[in-house]
Amino acid sequence: MKAQAEPIHELRLAGITKRFPGILACNNVSMQVARGEVLALVGENGAGKSTLMNILAGLYQPDAGTITLNGKEVRFHTPNDAYARGIGMVHQNFMLVPNMTVTENVALGMKRLHKFMNLDLKEARRRIVEVAEHHELPVNPDAYIWQLSVGEQQRVELVKTLCFGAQLLILDEPTSALTPQETDDLLDRLQRMTAELSIIFISHKLNEVKTLSNRVAILRHGAVVFNGRTEDHSSADLAALMTGREIHLPRNEGLGEGGATILAARDLKVRGDRGHLALDGLDLELHAGEILGLAGVSGNGQRELAEALTGLRPVESGAVEFLGQDMTNRSPAAMIKAGLGYIPEDRHHEGIVPKFSVKENLVLKDVGTAKFSWSVVLKLGAIARNAEALKTAFDIRCASTAAAGGSLSGGNIQKVILARELSREPKGLISVYPTRGVDMGAQEFIHSQLLARRRAGGGILLISEELEEIMNLSDRIAVIYKGRILKVLSSIEATRERLGLLMAGVADE
Amino acid sequence: MNKFKVAYSGAIILLAALAAAGGGALVLKAIGANPLEIYKTILTGPFTDMFGMTEILVRAVPLILVALGIAIAFRSGIINIGAEGQMLIGILAATATALHLPAAWPKWEVLPLVILAGAIGGGFWAGIAGTLRARLGVNEILSTVMLNYIAAQFYTFFLRGPMIDPGELETGSGTPQSMRLPESAILSRLVPGTRLHTGLILALVLCVVVYFFLWHTTWGFRLRAAGAEAKAARYAGIRVEGSLVTAMVLSGAFAGIAGAVEVTGVHHRAIENITSGYGFAGIVVALFGALHPAGIVPAAVFFGLLLVGADMTQRSAGVPANMILVLQGVIILSIVSAKMYLNNAYAQERAARFFGRFFAKPASDEAKTGGQA
Amino acid sequence: MSETHGIVYNILSLGVPFSVALLLASLGENFNQRAGVFNLGCEGIMCMGAFLGFLPPYFLKAGPWAPYAHLMGFTIAMAAGVLLGLLFALVTVTFRAEQGIAGIGLQMLGWGVAGTLFRHFIGGVTGVEGLTAWAIPGLSRIPFLGGILFNHNPMVYVAFAMVPASWYILFKTPWGLKVRAAGTAPRAADSMGINVNRVRYQALMLGGALAGLGGAYLSLCQAKMFADDLVAGRGFIAVALVYFGRWSPLGIMGGALLFSLAQTLQLAIQVGGIKFPYEFAVMLPYVLVILVLSLARKARMRGPSHLGIPYNREMRY
């Protein structure tokens, strides 16, 4: 990477189009950024924002359209080309090699340091320190990436991009893994950087857009539906433009005292994948007829909690009780049989078997029951009828129920999982990030289904990163921090500020 | 399935076949043989007489059996390269059983027991690798390959030692082979004057059984789910580790049955080189047959043809027997390469767009999913 | 020296050169795996290397080129290894085929071609001259150890020199950095402008060259002849050794020595006239591999995390 690229006065995208199988990700997109400007790229999940930026960063090739830099047309065949022109991207999933040091990671991308049999790590280290000090982004060059926290890794990514000579920073959902306080901190830093850099950042959080950006471009279904100055529009306007209609996400209007305890965790200690104690004495109670939201920055034990409760992860000490029975360390099959439903985080690999048809996926857990088999022989007719009924009831968009589960869109896969879980009428349901990456229409549907289950007397543990979702739907909200429940608030008491502090580990009182 | 998809798939398969044939041709050229003539001999030679045609089926029987087992394993998410060794252990078990059952027992009592013994032997041997994989995460390709070598040594040990034909010791010729099996342990001939035996019927029946097992029972459903997406299967309450072991044991059992059938139907005693590479050829047949009984039968017959034809070229044109390994190797490489393009909607769409410039308009962009699978 | 002393000396001094083929192939496979690809076809490449390496000394036995025959053999074997590595890269990197089965396909191909060409061109079992031992002056006179370590043919020294060389390449050169990134975080490497697929091609070719060299060593220096079953699974053992050695050249060297000791033990048993069935002795190395794989459980977690997964930049999740 050259140390200094030509300053970027103006970047223009014109007519960018990109297709993936069956999907038009970018449809004739045009926009521009000037020096020192912050452009917010906004849209629902799946609107094409990341794809567009990946094209700008040189990772994808557009099928049509041009990129113009300072009036000259450029083509980026690889990320190297983009960096050579001063465009650098910080991805939502960090592009760092975990078992190498910060210095090695940066050295990896600094081509001019690659002499034949000799790797100049000293020079890389020097540059890192130089950039870090200049922009006030403290990083430890000798630390291994796996040792760093999410916030620290993000700083490394920023420093890395700047070391490569980026003058236009593209940030993809930079605050998705940060607490509200860390978010404010980051936005502040970025604001200061605009003295020297231009920034494009992708977000679906309108309050951040209002805070940081000068201009905003809104994408819907791959096309630009709006491009203008941020200060001229309110969040409500932007939201309406994002979705194309007035969407009112269903709210939980109940008073939610909840009934008997159906699911409980008592002093739970569970080990994570790296051997550390992911859950360190966690206590939690879920009642019938309520939605208990679990708020917290991802990585504080949410995954391990969900897995421990569903029998997918061994419990070292403590107890899990379901419907009054001790179910600690029982198998997943036992939990399923007892009536516990689970909508997992990774719908593609944990929720469905992508190669199986939709109808097979809908009976994944119940294939052994009398409804779908005579002892061991499958009742193919019953399975097909069940799939048709659920397809209608849950509005699953697919060519036929024989289509492969993996070919459906994210929202529809989530509906399949939801249909399967809810049709079993579970007394308890654990739902992890249910609307991540799902468009608003499907979100609305999923939320109303969850509320319906609650009305029918089921208890739902809702684990989510979206504070708004949790605040809208929950009767009570628990905050998880470093493997323990810091506090449980009722929905009335839970304000964004209070939750933010708790999520950062600041226990009040 | 729209027309383009059919044309696209056909083209890929054709390219793969040409690549395989071309690879083989290169080697044939290197040893001074005429590839076209050799291929002609291989593909048409066996059809010249009744014996040749039945020989194709004789070779197809163990191939079908092994391939059925491989298909079960692959579909369940575990790779079994150990069919050779499993066959050998199955043969040992079957032979030992056949030689020790009372000679007076009738065929319909003896044969099922002998074949069952073969299944148990093969299943046990595969179970070792399956358990190591399930409990200790040991890569099953490496363990099954190692077990092949170990089984080969066991086999030789038994044939030279405890199970050697006492007749060999008397005459002092010392050929490592077992005693001839009693009449009650021999599969009857289907066509007199040829080597074709009733094992063919067993193989075909087992094809139907396997089909039913995999697609019409809850057991098969769970095995396939675990093989397709282990995580999701686990989350759905399926015991994935157990299913890995089960699949491996079943796979080995089929290899063991193949061995038992070979020894009772063709050779009538345990001899050296009895497996003739069926354990490996069976893998190729399974892949070629798309891991489905309906594909495995024609694939096995085709391979039987290749094997008999290769034998003929060895005798007539002096092409070494190792040539069949070469063909198997290039076929495997071609199949696995083609697979990536066959089920790839993205590549297919790209191709459609490319050719669309010359012919019709490409498919609509707005069409989301639907009919892609 | 006493009798047991003599036996131990024999075992150890045989063990060192016996490990060369394994060592070379395994160090090569280490590059493959570090880059994210495992090549079970290593066995097939060794077969081809053994056969092709054998050809020059066989044909040029009595001629003006004789002194260079071995060198030519090694070179041809390495070249064949590069080509086969290239083929494997085409199948697994460009075509993104399943690496395990593709490896078995390559193994069958290599084994088959070597056997076919051998049967056709040579036919019988004939021997060739091996390489003469180079005693390292001074060091080779150390009692006991000197004979074990410093009195071998030059290829042994070359092979062991590859251990620190591999280490240096992997950890101290830019290319090594790229290889390690390609195997652990290919997306990150890609985003920094590294051509992951190209790096994997290069690693596979280097790995193939070393495997070919190891195969040639077997036929030229160890067995001093060629036969169909010469390699006998060493290529597979080499792949297992990479796991055993935790993807580190030093660990691999330890593993290679351990396994060759198992083989020399087999010989010692026969020579020593101990009553032990021949076949069980032959089984030893293979059983050892299984044992070692079973115990190496923790090691897997520190390996290249993207081992076995083809890289596809355009993959959407």
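First chain written, first letter: the chains are A, B and C, and each begins at residue 1.
As a working rule, a residue touches a chain if its C-beta (ideal position, glycine included) is under 8 Å from a C-beta of that chain, and two chains touch if they have at least 3 such contacts.
All values derive from a computational prediction rather than experimental measurement.
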| item | value |
| --- | --- |
| Winner on C-beta contact pairs when A-C is weighed against B-C | B-C |
| Most widely separated chain from chain C, with each centre as the mean of CA atoms | A |
| Distance from chain C to chain A - Cα centre to Cα centre, in angstrom | 45 |
| Separation of chain B from chain C, taking each centre as the mean of its C-alpha atoms, in whole Å | 29 |
| Set of chain B residues in contact with two or more other chains | 346 |
| Of all residues in chain A, the ones touching two or more other chains | 20 |
| Junction residues of chain C, two or more chains touched | 314 |
| Chain B contact footprint on chain A (complex, rising order) | 19-24, 310, 312, 331-333, 335-337, 342, 344, 346, 349-357, 360, 364-365, 367-368, 373, 376-378, 380, 398-399, 402-404, 406-409 |
| In the complex with chain C, residue positions of chain B that touch it | 23, 27, 30-32, 79, 81, 132, 136-139, 141-143, 145-147, 149-150, 153-154, 156-157, 160-161, 280, 283, 287, 318-333, 336-341, 346 |
| Contact footprint of chain C on chain A as seen in their complex | 1, 20, 57-60, 78-80, 83, 89, 91, 93-100, 104-105, 107-109, 111, 113-119, 164, 348 |
| Residue ranges of chain C touching chain B (in the complex, touch as defined) | 40, 44, 87, 90-91, 95-98, 100-117, 119-121, 228, 232-233, 236, 239-240, 243, 277, 279-280, 282-283, 286-287, 289-290, 293-294, 297, 300, 314 |
| Chain B residues touching chain A - in the complex, by the definition given at the top | 215-219, 221-222, 224-225, 228-229, 231-239, 345-346, 348-349, 365-373 |
